[in-house]
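Each of the next two complexes has chain A plus one more chain, namely chain B in the first and chain C in the second.
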Partner chain A sequence: MIKSIAARIVACVIAVIAVALIGMGVFGTSQRTSPQGAALIENMRNHALVNATTGEGAVDSFVSAAQQRARAETKGQGMDAMKKAVAAAEAEVRASMSNMKVDLDGLDTAPLSTATDALIAARKDYSNAEEAAMQAYVQDMIEKGEVEGSAAPADQAEQAPVAVDGAGEAGMSDLEMPSQSDEPKVDMSGFTATPEMDKMQGIVNERFEDVSAALVSIQPLLDRDAMAQLEGAINQLVYQPGDRFETEYDRYVEAGGESAIPNDLMTARIIRYGDDLITVGIGLIILALLVLFYRKIVNAMGFPRMIIGGFFILLCIVAILYDLSIADLLSNTIVRMGMNSIMVLAMVPGIQSGISLNLGLPIGIVGGLLGGLLCIELGYSGLPGFVFAILVGIVIAAVLGYLYGLLLNRLKGSEMAVTTYVGFSIVSLMCIVWLVMPFNSLVLRWPMGGGLRQTVSLEPAFQFILDRFLAFKIGGITIPTGLLLFMGLCCFLMWLFTRSKTGVAMQAVGNNPRFAEATGISVDKMRIIGTMLSTILGAVGILVYSQSFGFIQLYTHPRTLGLVAASAILIGGATTGRARISQVLIGTFLFQGVLTLGMPVANALVPGSTIAETMRILISNGIILYALTKSGGDSRA
Partner chain B sequence: MSSEYILEMRNISKQYGENAVLTDVTLNVRPGEIHALLGENGAGKSTLMNVLFGMPVIHSTGGFQGEVLVDGESTHIASPHAALDKGIGMVHQEFMLLDGFTITENIKLNREITTPSIVSRVFGKNLETLDMKAMRKDARKALDSVGMQGLDEFMPVAGMAVGHKQFIEIAREIDKTGIRLLVFDEPTAVLTESEAEQLIGVMKNIAQSGIAIIFITHRLDEVIQATDSVTILRDGKLVESKQTKDTNIIELAELMIGKKGEAMVDLPERTSPLTDTFAMSIKDLHVDMAGEEVQDVSIDIRKGEIFGIGGLAGQGKIGIPNGIMGLYEATGDVKLFGEPLELNNAGSALKKGLAMVSEDRRGVGLLLDQSIEDNIVFNAMQVNGEYLTGLKPIFTQKNGREIRKHAKRMIEELDIRCTSSVQHAGTLSGGNQQKVCIARALTMNPKFLFVSEPTRGIDIGAKKLVLETLVKLNRQQGMTVVMVSSELLELQSICDRIAIVSEGKVVDILSPHASGADFGLAMSGIKPTKEGADV
Partner chain C sequence: MRKSFDLKSFLTKNAVTIMFVLLCILCYSFSGYTLSGLIGQMVDRLTRNAFIVLALIIPIVAGMGINFAITIGAMAAQIALLWVMEWQIPGVQGFLVAALLTLPIATFFGYLVGKLLNQMKGQEMIGSLILGYFATGVYQLLFLFVFGNLIPMTAPNLVIKGSTGIANTLDLKPLNMMYALDDIWKLSFDRALYVVAGLFIAYALIRYLLKKLDFKALIRAVVTMVVICAAIQIPVVKGWFATIRIPMVTMFVIMLLCVFNVAIMRTKLGQNFRAVGQNGVVANAAGINVNRTRLIAIIFSTVLAGWGQLIFVQNMGSLQTYGAHEQVGLYAGAAILVGGASIVKATNGQALLGCLLFHLLFLVAPAAAKNVFGDPAIGEYFRVFVSYGVIAVALVMHAWSSHVKAKPENAIKEAGKLATDNT
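Coming up: the complex of A and B.
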């Protein structure tokens, strides 16, 4: 009772703080377009401009210009003379510039402001025109067929094995997604400015003259030469393509603009960081809700789900704060969830039929890989190719799964050890087999010698066939409709199976073999059915995975996939004896979500280090370890 | 000896929760006597011994009332180890021997004789060298004293005959110095007749050397043969404590079973009397069920009767239904309604209209992780293909609506206390789990129903309801019911005839109105003759 009261008080305090932050944030973001915001920005801009023409940066550019002149004059007079002349020039310029400081407060900045606004408008027009022209150019080139798009993935395919090797040793090679950008690459070297752009450039130049005039009137020491020197810097300062309040603000701060508004600094910062305030506020509200409904949430989802779910939300918030593209990250999460889900689903029949976690999933994966390779070898592509690969994969996996089931029936009671061992063995065995496979397709073979490549591009076969099917964008998040539909279909079929007579019998066998025996159900048969289903789903799973990944990865890559799938379902709340389909979806989402967000966030937190790689290994293996500690399941209340 | 008794347990009472298992029991043992402790299963023998040995189970459930005096001194025995310090030893029913060790090592386990060595002088006593010679001598002496002269003391225990293991166990207890009281927990249960006789001889020898023995058994003839005095418990109460020479086997049997109690349920009259058509004829049934072996059982069960199978635990009564239902390897001839029944095939037995409520609810009887409704319809779905929709037989789906409807009806009829029909079976209480098991058997619409220990571990109200349900099924639907139970009173309440099983064989088939003495004798394997017992 006391505990719940304390929880309520804590939640209330957090909520109050959150509401205050959100209020400030909303105020801040709404002020960005208001006269106050515009005034602040304008003030800062003027200050920054003056700073740029008279401040440290400008002095340096004058100095270097003078030095260059001195150098040119003293050319051929020996090193010492040149050094002396350069030093003298620098001292002279610095002395002349030292009294250039301008007190902006006492000046009428209206002409400068007007001129700058006009310059900004002109620059905006110019960059719009430039973009339109470039797009037209690209379109034109594509129509002419001069596209290099197909070359890029081929390059990647050659480079990929190296990357995969390194990551493979680390345990999980699937974590670095190749870029999925499908924009065709066009050589832009032939692009030249259009007449319209030239006209725009002319206007920009005229407007710059106005700004120069305004600046000179403020700072009489400036001459035409100096202004020409500063033209680029000023243009960069006042406008950059895709400018928003935040980018402008940051730029002016860098140029020393913040000192222009000593009294409104707090307000300016609230306006600038308004969105971050809102994000933190929302995070705090979620935290307050967690504290308040702790019991209910734990009862409904279980403690592990709450912890990992909370971690996921935290990662999202940090990602937003660091201005990482949350939409991209979420898109990635969804794709990863879809591509891994079938393999996680493969754990369900294994667990339900009593063989526990099927860590021998690589057996099924091998079947699927063979299906995919055959599809490429025979030159099938597109949807028929994908269906062909799946069918072949299913047949091979069914046979292998049957034999595997026979083995497991002989070794009842120690399935975890057996499946792990079998999983590792088959991968090692296949390493030899891949080397001697008599495939002829050049996509599959090494260019020289025998054996299959480590990484085979699915470009000619069924790359992204599910991901691209009916895919659409919503709020920046790409939804791979086909992939999700396929995942849903597989889950639905599995659900139907668990409700069939055989499915019910299979679950009884896993639940209580003696009970099943007493009803005349053949325990061995049901276990074989479960094993076969799991293996078949493994085969389908790797094909779905590969089409999303874009490549088929051979050799040691499948080794850890079983462990990853097992971890995902354990995180979803399954135990080694009980599993539901909902746990597949929850587990896969959380596992892949945390992995996808974890690395970029770690990179953003500690920039310029190799922390991302370390974090990736830590996070993924940490999750697996945590999941395995939950394999016994939480006590059922 | 300072006191007349080596052990006095005065007015011992013990409760497990609300359930009183011992009420005011007194046990007095003189030095050097063999004292029999007699009682049915659940009479309180084991609990009394647990109190004596200070087992953790006693302390963790709130201790006991009463007083224990060893050698006239009031003592508090906190643990089995403390009991050993007081000179009280136990010969266990299950052998507590390490298979890979030799006899000597087993006998001297944790009491090894050691000599100091260089290592032990540095690292302490735990690293002293074993003095094998001395240990061997001790082991030899102990083995000789239990009459095992022929046994090599360096033989490993693994693979030895059961009887020999029993004697090694005794030898180990005797070897302990200062032993004054030994408890033998049903030592003859696993022995052959000649071994049992040898054991009784050994016990008498031990007693003569001044060590008192408490002999727990249910074999009445052995009590008469071996013991000096006897204490009889029934339902946790002391019935009688007397000198063996003042009593006889029939009196003991009567005291152990007691008079027939009040009927637990009302038995309505049958509308039509029983005929001599047989629902099931069992001939030469052997069942290989560990701990409940059935050897050569032949019974005819009449159509429409309630047939009881009683007897003590471990004698084979439970093996009979389990063997017939195909849960354990069985041989013999079983005819169901005149048709031969295939043994060792659980599916076909169920298909033929047999059903069984297992004694092992949590092991065989239930899918603990699944819902009540799934448990109830499981057999009917798997065996008869009921409660399914879809394109049978290839594509099938559970018929959720039908299942729920049926489960609701069963829950109502059998008064299963649950939150809903989707509650997991594992979260129900024992009595309600039993009702779910019965509901599943009834869902099969059986013609012939086995119920094995249906009231084990459930409270009195649930017990009554279970028995009433059986009677109702029998009287209203004419279902033939075979009830296996350790509780004689239950069998007497509802059965038409009761077969008593001992050592895997049917000793006798009695009327429920037969005397307690008849039941008691039958349970210890003695078939009463017309004139009385063969004392």
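Coming up: the complex of A and C.
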């Protein structure tokens, strides 16, 4: 009772803070376009401008201008005289600059402001014109057919794979997806300014004259040469393409503009970070809800799903705070969910038929890999190639799965440890097979000996065949329609199967083998069916995975995939004894979402670190451990 | 008739070991190693790895299978070693301080591991395997983001400027810790043999004087030792061992652990291990605290593995900060199974034999593959395959035999389950 009251109080406090933050944030963002915001920005801009003409960098440009002048004046009078004059000019300028401190407070900044506004408008026009011209140029070049095409991902160095992993288990570093950009790359070196742009540039130059006149009136020491030196810096300062309040603010802060508004600093910061405040506020509200309904949520979702879900939301919030592109991240998450989902789905028949988590998934994966390799070797491509690969994969996986099922039937009760090591052994056995495989295609093998490549490009075969099918964009998020459809189809077929007579029998075997046997169901047969299905789905899964990834990864890569798939379905809320298809989808989304968001966020927090990989190890193994403690607690004393 | 039956059962019981012996001989014949070179390498590898393999015995006896979580013991040792390097304690003292420091850390880790494994009875092996992976993540967090960042390190070369966390490789040579234990007392092979033979004869004599050994057995022991010492004098044999020097202290430490493993089984605690290992339900009924016994077994194993890792690292001379612990569980587990142990029964002899055979194959397989296929990578993959394969086969064979045995016992097991459910 006390606990729940305390929870309520905590939740209320958090909620109040959250509402306050959101209020401030809404106020801040709404003020961005208001007169107050504009006044603040203008003030800062003026200050930044003056700073730019008197600060450290400005002094240097003055000095160099004066030096140049001195050099010009003393031309032909011999080296010594020139050196002396230059040094004298420098000393003079430095001396005069040292006491040059402009106090804007007492000055009328109106002319400067108007001039700057005009300059900004002109620059805006210019950059719009430039963009339009560039687009026209690109369009033109594409029509002419001078496109380099999507850049082929750089292949690994052409050497045989001698680096056998000693470390191994942590080796799944496919977090970095190869770029899938559809954008054709056009060589821009031939691009020249259009007449219109030149005209705009002229206006910009004129406006700049005005600004420099205003600046000179404030700061009499400035002269034409100095202003010419500073032109680039000032232009950069006042406007950059795609400017928003935040970017402008940050730029002026960097140029020392914050000291212009000592009284309004708080307001200015609230306005600047308004959106971040809203994000944090929303995060806190979610936290408050979590605290308030902790028990109910845990009951409904289970502890691990809540933790991972919460973590996912947290990552989203941090990603927004760090201005990472959420649309890109979500697109990636969707693709990764699709490509992994079939392998996660492979866990379902295993769990339902009572062989628990099929950590021997690499057995099926090997079948799929063989199918894919055969497809490349025989030169099939496109959809027929993909279908061929899947069919071959299914056949091989079915045979392997049958044998594997026979083995598992003799090991009832201790499947998991055995399947893990059988899977590991198969993967390392296949490592040898890959080395001696008599394939001829140069896509597959190294030019000189050494067996098959570590990563085989699927470009000539069925790269992205599902991802690109009917793909479209919504609000920056790319939807890989084909991939999602295929995922849906597989899930639907699986669902149909669980509703069929055989499927029901299989589930009965998984739930209670003795009861099933008593009702006349052949336990061994059903377990074999479950194992075969799981293995076959593993084969299909790796092909879907590979077409999305763009490469077939051989050697030690498949080893951890079984563990990854198992942890995904466990995150979805399955246990070692029960699994549903919805759990596959939820689990894959959450797990892959956390991984996809985790890497850029981790890199934003701690640049250049491997914390994302560490996180993957912790989540994926932690969830399996959790599931093991549950299953051990249930079934054994 | 009787004899042929014995042979058959001997063959089936030791199938894995025999297969391994044949494999080793085959690979050796293709590897191009000279015998003396091979023996030298093997002495190195044996002294380096045997301790960790021996650390697996207690949990096996206690019925928890192969404790793959000994990686966590290795991590404890590496944490201790890091701090010794931070404090710049050189040589043997440094090694001893690291060993002392390993004790509390590994005990604590072992306690946590034991607690967790008690939550997953019957699934200990997969549990300890995954736990080892999980701990690798925690270890990375610790070494990448805590040490050197939150807790600053001042000693040179521990943290490399411009990168996060502790350096990839920690060199023990500046602190004179390489061979800290090995170099205390080294003897040439024949002298080491005399020392061991002398000790053995003294041991037999004491047993005889205590009337635990009859006179015939004493004579047999003495004669065997003398013959072995004489055999080493043959020039050919002497040539094989000529360049080999035995690190006596390391050898004694390993022997001490063997004695410890035997001795502890004679104590009350050891009997408890055995009882729990044979049948947890019965042990529980007999008044043994099953969970506590299992916890102690894991703590022992973790601490011993930590010390084993220290021996390993001082022999290697440098610590691969992020990789040294990863394969410890796999290789040690595979080694003990190769020696003929199962996941419910293991002895010192099996551990040592397994260690010998496993590392022999490790040595000769890549060389043989290079000579036969012209590609050392095949040998590399082959030995990884063998490590996993041996464990898989051992698990399958065990599960198979217990599956066959289990049928009439099902009812008893169920009853036991009910009984403990009710308590």
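Following the convention adopted for this analysis, the second predicted complex is superposed on the first by the 560 of 637 C-alpha atoms of A that agree within 3 Å, B and C clash if a C-alpha of one lies under 4 Å from a C-alpha of the other, contacts with A are read in each partner's own complex, and residues count from 1 in each chain.
Criterion: contacts are C-beta pairs under 8 Å (C-beta built on N, C-alpha and C of every residue); 3 or more make two chains touch, one makes a residue touch a chain.
Predicted model only: the values in this text are computed from it and were never measured.
> Between chain B (first) and chain C (second), which does A:432 come into contact with in this model arrangement: first, second, both, or neither?
second
> May I ask you to decide whether A:417 touches chain B, chain C, both, or neither, giving the answer as first, second, both or neither?
Touch status of A:417: second partner only.
> Would you check which partner chain A:618 touches, where first means chain B only, second means chain C only, and both and neither mean what they say?
second
> Report for A:512: first if it touches chain B alone, second if chain C alone, otherwise both or neither.
first
> Please indicate which partner A:577 is in contact with in the superposed arrangement: first for chain B, second for chain C, both, or neither.
Touch status of A:577: first partner only.
> Between chain B and chain C, pick out the one touching the greater number of residues of chain A.
C
> With the two structures laid over each other on chain A, which partner does A:315 touch: chain B (first), chain C (second), both, or neither?
neither
> Applying the document's definition of touch, where does A:490 land relative to chain B and chain C: first, second, both, or neither?
After superposing on A, A:490 lies clear of both chain B and chain C.
> If you stack the two complexes on chain A, which partner ends up touching A:610: first (chain B), second (chain C), both, or neither?
Second partner only, chain C.
> So in the superposed three-chain picture, is A:501 touching just chain B, just chain C, both, or none of them (first/second/both/neither)?
Only chain B; A:501 stays clear of chain C.
> Take the contacts of chain A with chain B and those with chain C, and give the residues found in both.
Shared contact residues on chain A: 636.
> Considering only the defined contacts, which chain C positions touch chain A in the complex?
Spelled out, the residues of chain C in touch with chain A are 65, 116, 119-123, 125-127, 129-131, 133-134, 136-138, 140-141, 144-145, 163-164, 280-281, 322-323, 326-327, 373-378, 380-382, 384-385, 387-389, 391-392, 395-396, 399-400, 403, 416-417, 420-421.
> For chain B, which residues are in contact with chain A within the complex?
325-327, 345-351, 356, 358, 363-370, 374, 378-379, 381-383, 385, 388, 390, 393, 395-398, 424, 426-427
> Of all residues in chain A, which touch chain C in the complex?
160-162, 164, 166-170, 359, 407, 410-414, 416-418, 420-422, 424-425, 427-429, 431-432, 435-436, 449-451, 563, 606, 608-611, 613-615, 617-618, 621-622, 624-625, 628-629, 631-633, 635-637
> If we count contacts the way the header does, which residues on chain A are in touch with chain B in the complex?
496, 499-502, 504-505, 507-508, 511-512, 514-515, 517-521, 577-578, 636
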